[in-house]
Amino acid sequence: MKIHEYQAKELFATYGIPVDRSIVCRSVEDAVKAYSQLDSQKVIVKAQVHTGGRGKAGGVKLANGEVELRKHAAAILGMDIKGFTVDRILVGQAINIEKEYYVSYVIDRKSKSAILMLSKEGGMDIEEVARISPEKIHKFVIDPSTGMPDYLAREAAFKLFDDIKQVRQAAVILQKLYKLFISTDASLAEINPLVLTKEGEIMAIDAKMTFDDNALFRHSKIATLNEPTEEEKKEQNAKNKGFSYVNLGGEIGCMVNGAGLAMATMDLIKLYGGNPANFLDIGGSSNPTKVIEAMKLLLSDQNVKVVLINIFGGITRCDDVAKGLLEAFKQIKTDIPVVIRLTGTNEKEGRALLQGSGLHVAETMGEATEKAVSMCQ
Amino acid sequence: MKIHEYQAKELFATYGIPVDRSIVCRSVEDAVKAYSQLDSQKVIVKAQVHTGGRGKAGGVKLANGEVELRKHAAAILGMDIKGFTVDRILVGQAINIEKEYYVSYVIDRKSKSAILMLSKEGGMDIEEVARISPEKIHKFVIDPSTGMPDYLAREAAFKLFDDIKQVRQAAVILQKLYKLFISTDASLAEINPLVLTKEGEIMAIDAKMTFDDNALFRHSKIATLNEPTEEEKKEQNAKNKGFSYVNLGGEIGCMVNGAGLAMATMDLIKLYGGNPANFLDIGGSSNPTKVIEAMKLLLSDQNVKVVLINIFGGITRCDDVAKGLLEAFKQIKTDIPVVIRLTGTNEKEGRALLQGSGLHVAETMGEATEKAVSMCQ
Amino acid sequence: MSILIDSNTRVIVQGITGRDGGFHSSKMKAYGTNIVGGTSPGKAGESVDGIPVFNTVRDAVAETGADTSVIFVPAPFAKDAMMEAADAGIKLIVTITEGVPTLDVIEAYHYIKRKGANLIGPNCPGLISPEKSLVGIMPSMVFKQGGTGVISRSGTLTYEVVYNLTQKGIGQSTAVGVGGDPVVGLYFIELLEMFENDSQTDSIVLIGEIGGDAEERAAAYIREHITKPVAVFIAGQQAPPGKQMGHAGAIISSGSGTAAEKIAAFEAAGVPVAQEPSQIPELLKNRR
Amino acid sequence: MSILIDSNTRVIVQGITGRDGGFHSSKMKAYGTNIVGGTSPGKAGESVDGIPVFNTVRDAVAETGADTSVIFVPAPFAKDAMMEAADAGIKLIVTITEGVPTLDVIEAYHYIKRKGANLIGPNCPGLISPEKSLVGIMPSMVFKQGGTGVISRSGTLTYEVVYNLTQKGIGQSTAVGVGGDPVVGLYFIELLEMFENDSQTDSIVLIGEIGGDAEERAAAYIREHITKPVAVFIAGQQAPPGKQMGHAGAIISSGSGTAAEKIAAFEAAGVPVAQEPSQIPELLKNRR
């Protein structure tokens, strides 16, 4: 789950991480009010959207004086950035930047740990730094049982600073950011850039956090910050029904039990010359109500011309699956052709039951996919 | 550092550990007021002293009604328990006890860990239980990096209770007590007894805590609860000057550099038929001001008839030590004979310097001790 | 031989009195797995399908000599269950539970490792050494004893592949579902090494998917260390970036973790990659 | 041979720019110890008595190949320093600092152990393998190379005993001051085992004191496992219960940890106990 920069900065402030003074605004008038409150000739106006690259898209501007502020605020509010409409901007005091740094905590699959990443190349896209000069990124794997003790935070801070006073300031920020990361079950806590100001202060002037969806049950406050897009809402609705659903834009709707098999099915459709409409994993069992719900979901997609059902019958045997499917299809009225492929335990019995039901029955994934693709053309 | 039961119970309450309702009182009038506040026919009156065995000494009484309360309060206040005068009592609601248990966290030297000790034999002296039926004490060694996770607290609670509801209640108490123990750098956190009430509640009706003196620097609030005895104040004063001092009541005052050697010296005095007046470790170096301070301390003890100084000259050579001693004794005027034994690096040079100073110089610990003992008789 | 589990493996079920725990305990027991006990705090003395229930894993281990545990407790309690198992001396911990917070898995994983034990999962179907022992929720009837080791990030896709193998007469030594989360226990490299050292195993099937770079590292490892034939299938070529494909770990982030990269890595290492699951038996045969 | 340290030991000093750290660094260096570096955050590039200073232990280890560290930092920072050393790969950590909170020591000790390293101290004088290496604050001039291993909970009492040994021509293989706190690192049993296995060591002196029951356990261990002659001195026969005798660990609690119990345990194990330190050389000779 993503949150906005201004929300992340509020969390930073709660955990004692220094941030620039800034105010979130939903209108030009709000922005003007914020400008007077900030009491700073120059301010930064930043679009608040759940996507990267807002700078390149023109969503970040420096305003010198109220006139410029009005102009930029008006331009950015309502702007479309990668499909996201900007409805909030963050107006912040402009900072006298001496130098910019990159800092983040992120989950690392390989070490099965949280890691701290730091770089003197702040303000840049970190993937870009990783590609061009990976030696400029320092990584610290964190032992979860000890976290970020003083020595480790200091060791990390020495990668960015030489002056011991700055090292100590930065070390405390690294410890606080780690605490925030762990306490909120974050999957990313990024400061890019962390800046050293001309006045000698170290502070975060951007803030990015994402959270582990599986842990939101114990972070109700953070969960309320969720702002799903329309597409994400659809996915979320599917999830609430026990499905995983992702729209892919093609014509062949698919319904599969199991995520891996569902991915393999959509890949096969492409391999056979078709276009998958979606990824849809209906989970372990395949009871009639679930099939009905899944079919409704598939048929709500106007692009779908054929439905391909691919079920592996394991613990639930194919003959039981077939009975469930027949029951479900009694209640679904549609002209869209449905291809069913049923494999696994008792597959012959299962397929036999489906014969004569009006559903197109196939033996293998290949055969089923070929059928579905040809019906589409 | 020790604190009183009522102070420990305040800490318990802060950490969410259920305790009986009780009020600390400094006078019979206070106690009567507390009685009316507690709104309970029967109350327990308990002496608050920094020593065990108050029950046997008559420092704990059950009072049925105000008349009895007055009587017991008056009797206990001012009572002497093992040299401690009772100036405070704790008046608490009498609890309907179904069963009593023992619970404590303590530092275990062998496993180099905090350990949890539990027993169904609550209310008794735990050393007594350990002696008679050690199998009735359950010990859990705590891994400091994981502390008391749910499963471990549950596992421990199952040693005391069978009913899962009671297990869950007790497990939470064990976790909270561990948190208190760790967060305050305690060396002991004991509940004896932890009780199951007839109403099915689990609560602490006694509370004992001692704290690591070395960690008091980070627990200023707890440090303010320190109430040293006169003797402890003297020891504390010595400590502030860099000494370790313990009064032993004999006639031969000793001054030694190093705790082990100081213990060996007092043992030797006894072995040679004398009685050591004290343990006094003046620490690593032996500069003149330290020696003067130490002599003042020794001479303030009216029992001291002879002073035995035993110095091992290591990093600081014996000749330098001798010069320091001479300088110190220029400023100390006393009729009490002083025996000095100086060994280690450059010992001959050191002893030569002391010759003719009026101080009695010896070569070995044995010789010095013999001299000191004979001078005493 | 087989890896990790065999007919001597003594298994307890944590959360045995729950719906899934009870159902699969009976399934495992029916398959012949030595299910020696289960745990459910407060239910000691009860039994589930004849399997004795204990309050704690320590009690269960003391009474039954269990060395392996399979965990079915709900996600919020999974970390505690994993740590309890490791602390009680269990040597193989198989966590079926889905939706366990990642930081919980990280904490449990490091603790388990420190205790000298192994973790499989969470969010996995478990593992099976066919005709010897099943620890997890795999449909045992599609498996057959034989020489192919199977490692997979997926559940039903594994069954699909195994079904194809079995139908072609290719049995399995052990099949392990490593789990679909970003952070799980034993993974490709450790299991490849175990299969390489296992005398019963004569070939290996690796089933990967989008997300992370474990397949790339596995490809490099195979080139350096594996002498037995390996065939691979990678799911998710059509997955769009930034979208989680069912498994929490199946996501292309910042343009990396794509199926194309993974397939290229295996091909560069000389490991054949199947275009569809049904090609796997053929690829294995070609290599032999 | 000797135990733990010898002329190949490469030592860094944590807190080298402090008063004690600097003073003893020079002393150790003058004795011939390989002091290869020191640490003091923010002072990298400086030097103390010709010894290079680094910001972090990791840097120091990378640059110097140090395997041993001696710690002089103030008590509130000692835990962090010990963990830093262990995390950087130091294998022997000697903490001189006095007054370290017990829970800090517990945390550091378990971390160090987990990292496969050893801790000596805190609140200890360190150790010396005479004429090879001195790591700590012991007065090197009282020591002489030889065959007696010395283990002690005390500082000056050790020097007293060693001085008596040296004067009688009995040299030492290694002398270790384990530290006077209730919880410290290497202790009697581990060190007895090392001395038993050390070819240079032909006899052992153990200097105990009141508090705890480590002497009792050592006595039992000696009876079972030690073939070399051992002589013992126990300090604190006159100590009253409940009073801390200088060392935080030297305290008789709840009537246990008395010198009498300890002396009885050694005598029961057939280990001679000296009545005064000066008897130790004789006791060792009698046993040989």
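The letters A, B, C and D name the chains in turn, as written, and every chain counts its residues from 1.
Everything that follows uses one rule, which is that a contact is a pair of C-beta atoms (placed from the backbone, for glycine too) under 8 Å apart; a residue touches a chain by one contact, two chains touch by 3 or more.
None of these values were measured; they are calculated from a predicted model.
Student: Using C-alpha centroids, which chain lies at the maximum separation from chain C?
Tutor: B
Student: Please work out the Cα centroid separation of chain A and chain C, and write it as a whole number of Å.
Tutor: 26
Student: Could you put a whole-Å number on the gap between the CA centroids of chain A and chain B?
Tutor: Roughly 57 Å separates the two chain centres.
Student: When the C-alpha atoms of chain C and chain D are each averaged to a single point, how far apart are the two points in Å?
Tutor: The computed centroid separation for chain C versus chain D comes out at 48 Å.
Student: Please list all residues of chain B that touch 2 or more other chains.
Tutor: 145-146
Student: So which bits of chain D are touching at least two other chains?
Tutor: Correct list: 111.
Student: Classify the chain contact graph as line, ring, star, complete or other.
Tutor: Shape of the chain contacts: other, as it matches none of the listed patterns.
Student: Return all touching chain pairs.
Tutor: A-B, A-C, A-D, B-C, B-D
Student: Flag every residue of chain B that touches chain C in the complex, lowest number first.
Tutor: Residues 146, 149-152, 154-155, 158, 163-164, 167.
Student: Which residues of chain A touch chain C once you look at their complex with the stated criterion?
Tutor: 107, 109-110, 112-114, 127, 143-145, 182, 185, 187, 212-215, 217-218, 244, 246, 248, 256-264, 266-271, 276, 279, 281, 284, 312-315, 343-345, 364-366
Student: In the complex of these two chains, what residues of chain D are touching chain B?
Tutor: Touching chain B from chain D are residues 27, 75-76, 99-107, 109-111, 137-139, 141-142, 152-160, 163, 180, 182-183, 207, 209-210, 212-214, 217, 233, 235-240, 243-250, 254-255, 259, 275-278.
Student: Note which residues of chain C are touching chain B in the complex, please.
Tutor: Residues in contact with chain B: 41-42, 55-58, 77, 80-81, 83-84, 87, 111.
Student: Contact residues on chain A for chain B in the complex?
Tutor: These residues of chain A touch chain B: 145-146.
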